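In the two complexes that follow, chain A is the common piece, with chain B as its partner first and chain C second.
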Partner chain A sequence: MPILDIRGLKAYYITRKYGHASRVRAVDGVSFQVKKDEIYGIAGESGCGKSTLLKAVSGLIKPPLQVLEGEVVYDFEDQKLSILSLREDRQRRRIRGVRISLIPQGSMSVLNPVRRIRESFRDIIDAHLGTVDEARFNDIVRTHLDALGLDWSVMHAFPHQLSGGMRQRITIALATILKPDIVFADEPTTALDVVVQRGVIQLIKKIKREQMNTVIMVTHDLAVHANLCDRLAIMYAGKMVEEADVDALFSNPRHPYTIVLLKSLPRLGDRSVRTSAPGAPPSLVNVPSGCRFHPRCPEAMERCRSEDPELVEVEKGHRVACLLEEGSR
Partner chain B sequence: MLKKYLLPRLVQYVTVMLIGITMVFIIPRLLPSDPVEHQLSRMTAQGQYLDPAAVEDLRASLEELYGLKGGILQQYITYWKRLLTGNLGPSFAQFPTPVTQLIRTSLPWTIGLLLTSLLLSWLIGTTLGVVAVTYPNSVFAKVAAVLAMGIRPIPYYIMALVLLILFAFVFPIFPMAGGYSMGARMGFNARFIFSLLRHAFLPVTSMVVLEVGGWFLQMRNVASNVVEEEYVSYAEAMGLSRLKIMLHYITRNAIAPQITGLALNLGFVFGGALITEIAFSYPGMGYLLYSAILAGDYNLIMGINIFSIVGVSTAMLVIDLIYPLLDPRVRYQ
Partner chain C sequence: MRVHSHSSQSRNAQSSEPLVQKEHSKLLEVDNLTKVFTKGQGFAKSTITAVNEVSFSLELDRPEIFTLAGESGSGKSTVAKLILGFEEPSSGAVRFRGEDIARTRGKAKFMKDVQPVFQNPFETFNPLKRIDTYLYETERNFRMSKAGEYPLVERSLELVGLSLTEIKDKYPSEMSGGQLQRVSIARALIPNPSLLIMDEPVSMIDASLRMSVINLFKELKRQQGVSIIYITHDLATAYYVSDRIAIMLRGQIVETGSVEEVLDSPLHPYTQLLRASVPVPDPANKWQKDIPLSDIEIREYSRKGCKFAGRCSKAEDICNECEPPDYRVNGRYVKCHLYKTA
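Up next, the complex of A and B:
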């Protein structure tokens, strides 16, 4: 049973300027399922709609973002809910941090600069458990920090007094303090140096082991996916182009875009010049007709200009959206 | 640490006051008129006959009284000595009433008037600013912005006149002028307090209406940047309540400029609200200054200036001292 089932999701940024509406088709018909307890990775160049997908899926939708179509259904053991049909605010708020949670990009400004770390924990716990007494609060937080290997002394610090890596660990601790069923991580290692990145990945693994949550990991860094994920999806220009088990995807990539992406990865011992995909991802305001990748695709055919391929299963658990795959169906 | 933060600011505070108060000493001495001669000629013009010896005596004692005896350095020393003992000399126009006494009777009026309107407009403007940012698409937010921008450029005297014409003349609900009714006995009694409030209502309203917009716009602008910050979206993503986010995430991070502005304006309270006080004939510092200027009462002008200088520089010092409390990133260094 999938814990998360997304069908035909379309989320656009719709802005009106001088009476002229502009639509950024950031998520344009995406369907996938996430199984309970897995780590599901989403990769793709920046600007392809990964963050927007997470926002829409977690119901954090405010203008200019609009969800035009689609369904997002969570199936927790005791509760099944369709987040997009929940009334905004109170109902959605109740599940945030408790059932679904978010680890944002490791940056300076995720934590409230005028609030001590302790108060940030307080805010989240109070929002969901009611105002708990001091002893219980300390107990909850101490147990969690111990499990994560973080020192209690950080509780009294202000965010600016901590290193970037420590801030990101705290953010992760905050996001998981209430043992959420699903954790969305949006580029949690970006903007951190390599050593700190490794620590953050270890931390996410550790939490996953402790709390047995489902993790959806978004990053453009394929090395992180290889290290962490069970399954991996590749996004291009607002669409999913390929999805498979991580091993299958790395050993047997089938979409030309995936192949190009993997070619650009550095490999141990390989001294040949890395090729990266020629050209840049298209603007999501004027997307190319047909297959969105065709202008950059080394294998493009005439049909690719006009026909938009569906994401179809070509092998068990391996889905690809490419016209070249038609024969193998 | 604290010393490193505090000391330079204290030094700056004292320096600014020294310079300001010294300017107040120098400027009247650059003017061609001589207050002693002025006073003497006024006395003789009133028809008093004085024999030359008496005139000399009088001149000497006036010089003494005005602190104009001896060379400039000696005068400067005398000036400071008197200042530090709370002696600002006599008023020229209302001779020989001491300047300090005139200020003492006007100051409570001004402080009452300005403090009330300042605190009211600050509170209303700040609160509305936060609400407008929290509900950016509401009708309220749009109407408030238009009103704030439309009302702000209205000059104080126009607003005062409009209110006077409407609520004191056409509908005579409020008095035209003054600080309290002549009949009321000053003191802590219901009749006096009522008359006080009735007289203060229009001046306070005129200032609140004009100043609310500024506080509103400043708060709205700062807070609308804060709303875009990642820590606000993160708080939303973690399911914090709207009230919590509004108070501890948006307001708390946008309030520093408001508090600085408030503190600075508290410093200006000592100078009075010149135009409003004139328009409503309100017996405050602004009105006092206005009559001092009309009468060429240098001593009184100087005294009021000294109050303003002390008020504003103290406000600046207070701002510096409270800023690290508002933003922990600014440390006492």
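Up next, the complex of A and C:
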């Protein structure tokens, strides 16, 4: 049973300059479902719309971002919610942090530099549980920090006194203190060192195990996805081009973009020649006609210029958006 | 910390070249380089040793790609700045072609021969300036050819796989990160350098374009005979592209050797941890067990003894007491007490 069902989502950044409207088609018709208790990964290069997708799905829609079409439905056991039909102010705010929660990217810009960590925890707890007394507050936070293996002493520190990895772990602790049903993680390991990155991935796994929540993980790093996710979707220029179980996606990639991407990954212990796709990802203001990958695709046919392939199931649980797959439907 | 390339020593011993020639057998010699930064004043004054007795050298007649790898805060970028002469060392020296750069830095000859490529191509270039003007300026400033003629611009663009028509009259915002980084490398190639210092040159470049830039390094080494110091935290690309690697931790080099040896069978416990933390892009090889985490990273700079001892599972009393020297193990240098007997 899907806990999150997204259908035909279109989210554009629309700006007007001198009466000229410019549309950045960041998410352009994306549909997918996330099952309860899984870790769903979304991969793609910078500027492919993966962060915008997270914003739209979690209802963080502020101009110039606009959702033009589509539905985002959460199906919690006791409650069914269509987040885009909720009013921004109170209604959406009430479910954020409690039912859905976002682990943002830059931990330094998330934590208030002039306030102690403790006060950040106080903010989120007071906002959702009402003003709780000191003993209860300490109790909630201590239990949570213990479960995550973080030391209580960090509560009295200012953000600048902590290392980057520690700050990111505290950001994760903040995002999950109210045991949300769904955790969105937007590049939580980018800009961290490999050792710290491994620690953060461990922490996300641990939280998932203990709180039994669903995790949606966005990062450009396919190696992180391979280690963490159950299912993985690949995005290119605002569209989803392939989605499959993580094992199937790595062992049997079917979209030419996925194939090129996986081939270009350097691996320790292997010095054989790697190549990358020719050209560069398109700008989302001016996307190519037909299949968006066709100008760079080694397998492009004449039809690819004009026909935009749908994301269709080619094998059980494996969806691909490519005209080459027509025969295998 | 002293890392000599052993092959050069043996060659020097055999050759009957005069002494003057011998000094010049190194392209670059980094000799006990130390950089101490001070912050605060009076009682609040504190120092941090960002680079701590780092030594390595590159051969003159054998171009190579030498990787300096380490986590953020390991001092690898400071080493780059010291080699380029942007910072002055607190002690130790950098010698380029046998001459101390304290004397030659800022001089056209040195600047021609050693060129930098920086991390973020969008910050390297002024967004309000057309990209081709950088190339013309470089050729003009170094007086590479006759006034008003720019034959090298086109040639160096060709080397990085671009053409003048592609970049003419374009602003940085009109180009992709991969293209810009190529232009940045093309600019560095105009004065015909023998050493390129690249500080995280591909970390801002999209995954589908990254390998094209990395492959370019190999080409430059092979075709142009350029040596490259590749500074990165990405061990997978380091393994792919480099010949030798030095692993840095809190200002010190803890292990040096050929990249295959160091990363296939790391000796220093820190290299082992680093190696084990690189995620493998293969779901069949997921990490099985958790690694212990530390919150003490920040305090490691000021540690007495081995900088890694606080996190090391094999640490003994001696590790907290005195700093390990460099032990030579099978042609590698390892800064760890474990290899004392070896």
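Following the convention adopted for this analysis, the second predicted complex is superposed on the first by the 325 of 329 C-alpha atoms of A that agree within 3 Å, B and C clash if a C-alpha of one lies under 4 Å from a C-alpha of the other, contacts with A are read in each partner's own complex, and residues count from 1 in each chain.
Here, contacts are C-beta pairs under 8 Å (C-beta built on N, C-alpha and C of every residue); 3 or more make two chains touch, one makes a residue touch a chain.
No experiment lies behind these values; they were computed from the predicted model shown.
Chemist: After the alignment on chain A, I want to confirm one thing: do chain B and chain C clash, or do they fit together?
Modeler: fit
Chemist: Could you tell me if A:127 is touching chain B, chain C, both of them or neither one (first, second, both, neither)?
Modeler: First partner only.
Chemist: I want to verify the contact counts: of chain B and chain C, which reaches more residues of chain A?
Modeler: Counting contacted residues of chain A, the larger count belongs to C.
Chemist: Of the two partner chains, chain B (first) and chain C (second), which one does A:221 touch, if any: first, second, both, or neither?
Modeler: Touch status of A:221: second partner only.
Chemist: According to the stated criteria, A:174 is in contact with first (chain B), second (chain C), both, or neither; which is it?
Modeler: A:174: touches chain B, not chain C.
Chemist: Of the two partner chains, chain B (first) and chain C (second), which one does A:138 touch, if any: first, second, both, or neither?
Modeler: So A:138 meets neither chain B nor chain C here.
Chemist: Report for A:211: first if it touches chain B alone, second if chain C alone, otherwise both or neither.
Modeler: The answer is neither, since A:211 touches no partner chain.
Chemist: So after superposition, what is the minimum Cα distance from chain B to chain C, given in Å?
Modeler: Between chain B and chain C, the minimum C-alpha distance equals 5 Å.
Chemist: Share the list of chain A residues that count as touching for chain B in one structure and for chain C in the other.
Modeler: Dual-contact residues (chain A): none.
Chemist: Which residues, counting only chain A, touch chain C once they are in their complex?
Modeler: 45-46, 149, 151, 154, 162-166, 193-199, 201-202, 220-224, 226-227, 246-247, 250-251, 257, 260-262, 264-271, 273-277, 280-281, 296
Chemist: Could you list, by residue number, the parts of chain C that touch chain A in their complex?
Modeler: Where chain C meets chain A, its residues are 71-72, 176, 178-179, 206-212, 214-215, 233, 235-237, 239-240, 260, 263-264, 273-287, 290-291, 293, 295, 297-298.
Chemist: Taking the complex as given, what residues does chain A use to touch chain B?
Modeler: Chain A residues touching chain B: 58, 60, 63, 89, 93-98, 101-102, 104, 107, 109-115, 119, 123-124, 127-128, 158, 160, 171, 174-175.
Chemist: Touching residues of chain B toward chain A in the complex: what are they?
Modeler: 137, 229-231, 233-242, 244, 248-249, 252-253, 326-329
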